[in-house]
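Dropping the structures in below, format is structure tokens.
Both complexes shown next keep chain A, but they swap its partner, so chain B is in the first and chain C is in the second.
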Partner chain A sequence: MAQPPTHHRRDTISALTLLAPAMILFGAFILLPLMQTFAWSLYRYEVFGGVKEFVGLDNFAKLAGDEVFGIALINNLKFAVLSVVLQVGMGLVLAALLDRGVRRFKVVYRTIIFAPILVSTAAVGLLWSLILNPSIGPVDDWLGLIGLSAPRNGLLGEPAFAIYGVIFVGAWQYTGFMMVILLAGMQNVPEETYEAARMDGCKGLRAFFHITLPTIRNVIITCCLLTVIGAFKVFDLVYVLTNGGPGNATEVLASYIFRNAFEFGQIGYANALSVVFLAIAFVFGLIQFRMIRR
Partner chain B sequence: MHNQSSRGPRALTLALGLAAVIAVPANAQQLKLWEISSTNEGVNQNWENVIAQFEAEHPGVEVVMETFDTEAFKQGLAVALTSTSGPDIFFNWGSEDSAVLARNGLAADVTDMGEGRWLDKINAGLLAPFSVEGRAYGVPSHSIAKYMYYNTAFYEENGLTFPTTTDELLAMCKTVREIDPEVAFTSLGNRDQWKGIHYVSMLTAEYVGVDAMLADMRLQNSDDAMFTDPGYTKALAMMRTMEEEGCFQQGVNVTTADMSRTIFASGLATSIYCGTWCPGTFDSEGLEGGYSMAPFPAVSDAPEENHGYILGLTEGFQISAQSQHKELAADFIDLILSDAVQAERLVLAGRIPVNGAGVGAVSDEVHPAIQHVVADLPNYKGFAPILDVDLDGRIVEVYKRGIQDVIDGRVTPEELMAKVRAEALAVKSER
Partner chain C sequence: MKSLAFFPRTRRMAIIMHLFLLGYVAVILFPLSWVVIGALKTNREMFLDPTGLPADPNWGKFIEAWNAGVRDFFINSVVVSGVSVALIVIASALAAYALTRMNFRYSGWVYLLTVLCFAIPVHAVLVPIYGLLSDLHLLNTHLGLILPYAAFGLPFSIILMYSFFYEFPAELEEAGKLDGCGPWRRLWFVVLPLSRPVLISVAIFNLVGVWNEFLLATIIMTSKHMQTLPLGLVSFRDQYGTDWPGTLAAISIGSLPLLVLFVIFQKYFVRSMAGMGK
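Take a look at the complex of A and B:
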């Protein structure tokens, strides 16, 4: 039987009342800035002087010929791909070991591996910049023990390697976090499934590939999604470790946007960069969202 | 029905809240000050004293000081000045950094505020670095200059004399490595790029000449001539040569300025090119006076008439155009320029005063290194311009990042100068 209209209206009002705070906050802090970003990307707008002139798509055209933007974009892509491999890959291995391999001191291992995520990124960056410094850091000595030598300018000082150094430090910090998420997923796989598989002769690595991985597929995709988003958002680690250098070798989109807005005062161009940045992140999000729904 | 037991705490909270409101004086004003952070204890002690004195002299006024490292300060200042929560008073370099704020209406015109205040203490001519089109937009508080600091014991023990020319410098780089391969002639922390551009500024001033350099930096030269002097590439080439000759420690582009001071203080480098703010840091890192000072070596193949300058500038304070407390801010700046505070800043913070009236009374207490600077500065023809504070920010960005590439040999000096010139022309066309 249909509800009386007053009842229905009351439900609607209640629903809107409950939704209103979230909608207001979403509108004020996400939607409006987003619209403002789109609008300002079409202007030549500078902090110094506040020049505000409608330039259409000029900022986007300039972006196409911007060498540093290209470097930053490629660095973000490297960051995303390698972070997935290192953080999710290593996290998966460590989670599997802790789930079914290691028998004793599991909590101790888990805590140690998880610990770096509890340290602020600024502190992690500072710590690793000292460790990797070729003059005062111990890396040269460590490599010397196994008969190797570090590049003269250190891992972070060689443009060809610097971005990999930053990615490595990021992986050091976040692998434990991925491990914990994946471990939680693995611990939800029913024991009966493993027992049934064992009776069919499926155990060890085969069980891992044929039971564990397919069962936690969505958890892995979520981890990949988090890692890719994190890789595109990365800023603090780059800022503290290399400040985008040497030259522009470790520039990433977020640091380049920041620099354009706050160092060069080119607000319009920084907004255009942000729009492109958003579009890329949106595409990645969409791909992974579809993978989860499949 | 209300719970009786909750009324007590609620009433108490309300009473405390009301008391707090009543306790704040009706004329309470907050003066926000932005300054560069310092690890020098004397600098921080001096600020505590100045703020305490100002608050005592101005009841009901609270001075809130916020400090930032150099990069964060530069990045945040312009944006903060366009907002309503920016500083009332802020530190700045007497150069393009302060002029750009004046030209764009972000710094207050303080020309008429000086009467009865700082104009009684300093010569009006000292306002020039903070002036635009004859109007003052800031007040100088002290000068800084950069010297080569070297480890006295190392040079004495090895019977060496600190180099006075770049030819001697390059030879010394080899000598030092021969004595100890782990030790470099000098420590350079160019991760944040400003240390490298200071070297290049001094070398360029020697090769190009101060006046020609200033004309380029102010974008006053014709488009055909701007940044085309071969001295620019020679200065960059010298940086590359110094790297190739092993003059610097390893990894200059991943070493921060702080780390470079530690490298010098720990003996891993025999010298460092550092400002007059550095002795306090060396002392707190354990060197405690075990260093001597020398001017930057004269460039051997530079024109004779270009010698005799020292890298330096005047620093001071500006008032935000948006400040609601401009008169109060002017009083605060005036206090900084008072005889006693200038003398205390010299003693505690090593700041070379613009008002020297109170210095005589404290001359015995001044750090020996700063005494040396005060005696030495009159020997120079003037300050050599500093590229990263005297040049437009966009051009600086291309220049200083490119210097990292030149040091590492990825970009030639000619390639970098072509980029700098292109950016300078772009900036000029947009003005």
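Take a look at the complex of A and C:
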């Protein structure tokens, strides 16, 4: 039945009213700023000295030859790959143990393993920076016990090691989160699937590899995506643990954008970095959306 | 009872599995307890024996840290998180309802726009947001943090609510329609009360995200008395750096609020965070 036109117009007005708060916030804080990011990325725009001139793609050309940008990008990639291995890998092991492994204390284990996600990343960074601090933290003493001597400035002061320390702390915080998502996926695998597999003689760890993993494939992919996106967005951990140092050894894209904009006052260059960042994050974001709406 | 186990159901296997899990739990609990115990020690004890217990536990450090700034950070966090989560839940429910229920020609475009915003990280617009808030004189104000938090929390929340409302049985609303309820009343009296699970989920994961947010807060809240907990704790370290027990006390009590909420509402927290995997 066709609706009378007045009804349709009333619906449109109601819809616009209901959508207004969200649309205004999107416009003011996401879409318009995004336009500005694109525009300013084409300017040589420096806070100190008050320079602001159109330079076309110069910032992007500069970026291609920027060594620190390269370091940051590689650190983000290391972060992404190692975090997937550590967080999703360990998350799977823990989830399997809690789903069809141990029979007692499951809730206690889950609660404790999940807890770090509720401590702010900044606080987690602070606490690990103190534990790894050579003068008051215990880790240096432990290294001594197994016959290793810690670097003079602590593990995080060692350029070759620092980024792995940061990645480890990230895994310490987020593995429990991955475990909870994967566990929920495993608990959704129907009992009949396992029954049928057992009839065919597939049980134990073989069932895990041949039944569980393929069935929760999409959950695993989502976990990997969340981890990779998180790895590219990482900022607070680096800022608190190493502040990008020693030297530029632990610089990541987010900290480099931040530094250029708010320490060096290189607005144009910071926005060019933001455009690159957006290009990377946008692709992963759209894939993630496809997974949610599957 | 689950009929199939991944590992043999022997006593030895059970012990191995529990030992593995206990080892992992120790890796989680050690740093957390080290912080709390460290807060009770003296500076001297920290240096001499980093893992030792305090000879004479000094509980006063917690109160000192609370009064030296943590209270202000806590209040700022409560105001900013409370208002932005409320704003996100309300605005996303309204938007998702409009998109799924109203005969509105541009619904498809609005949804597409939402997805677009979902894929845009805050990192990409840091500088313009700073400029905008500076022009609006909203730097170092609660509202200056609440508005961008709401904007960036909305897309995912709308997408989640959209899927929920999409599957919401239309018959329930038809009854309201026959009784002469307009769309607003149907939303308020029929749809929202029955949507509690998704509203709670949206509220919780936004709360966790906003409560712990750092990057935006760092650029917007530059004056110390406006800082939220995460950056307040960092500036606490920078200010009282040599008073290790004080810093550890600040980290302990600053991290407590969300952990307490988690213990009380554990079921909802786990369900909400696990829902991210959908």
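Basically, the second predicted complex is superposed on the first by the 248 of 294 C-alpha atoms of A that agree within 3 Å, B and C clash if a C-alpha of one lies under 4 Å from a C-alpha of the other, contacts with A are read in each partner's own complex, and residues count from 1 in each chain.
Operating definition for what follows: a residue touches a chain if its C-beta (ideal position, glycine included) is under 8 Å from a C-beta of that chain, and two chains touch if they have at least 3 such contacts.
Remember, predicted model here, so these are calculated numbers, not experimental data.
Contacts of A:85 after superposition: neither chain B nor chain C is touched. When both complexes are overlaid on chain A, the residue A:264 reaches chain B alone and has no touch with chain C. Of the two partner chains placed by the overlay, neither chain B nor chain C lies in contact with A:196.
In the superposition on chain A, contact is made by A:183 with chain C only, not with chain B. By the touch criterion defined above, A:159 lies against chain B but remains apart from chain C after alignment on the C-alpha atoms of chain A. In the superposed model, A:277 lies in contact with chain C only, and not with chain B. Judged by the touch definition given at the top, the superposed model places A:132 against chain B, while chain C stays out of reach.
Number of chain A residues touched is higher for C, counting chain B against chain C. Residues 130, 135-136, 258, 261-262 of chain A contact both chain B in one complex and chain C in the other.
On chain B, the positions that touch chain A within their shared complex are 71, 74-76, 78-79, 82, 100-101, 103-104, 106, 184, 191-193, 249-256, 259, 262-263, 266, 268, 393-394, 397, 401-402, 404-405, 408, 410-411. By the touch rule above, chain A contacts chain C in their complex via residues 3, 7-8, 11-12, 14-16, 18-19, 21-23, 25-26, 28-34, 36-37, 40, 94, 96-97, 99-103, 105, 109-123, 126-128, 130-131, 135-138, 141, 172, 176-177, 180-185, 191, 194-195, 197-198, 203-205, 207-208, 212, 219, 222-223, 226, 233, 235-236, 239-240, 253-254, 257-258, 261-262, 267, 270-271, 274-275, 277-278, 281-282, 284-286, 288-289, 292-293. The touching residues of chain A, when paired with chain B in their complex, are 47-50, 129-130, 132-136, 152-154, 156-159, 242-248, 258-259, 261-265. Across the interface of their complex, chain A is touched by residues 2-8, 14, 17-18, 20-21, 24-25, 27-29, 31-32, 34-35, 38, 46-47, 50-51, 87, 90-92, 94-95, 97-99, 102-105, 107, 110, 113-115, 117-121, 123-132, 147-148, 150-152, 154-155, 158-160, 163, 183-184, 208, 211-212, 214-215, 218-219, 229-231, 233-234, 237, 244, 247-248, 251, 254-255, 258-259, 261-263, 266, 269-270, 273-278 of chain C.
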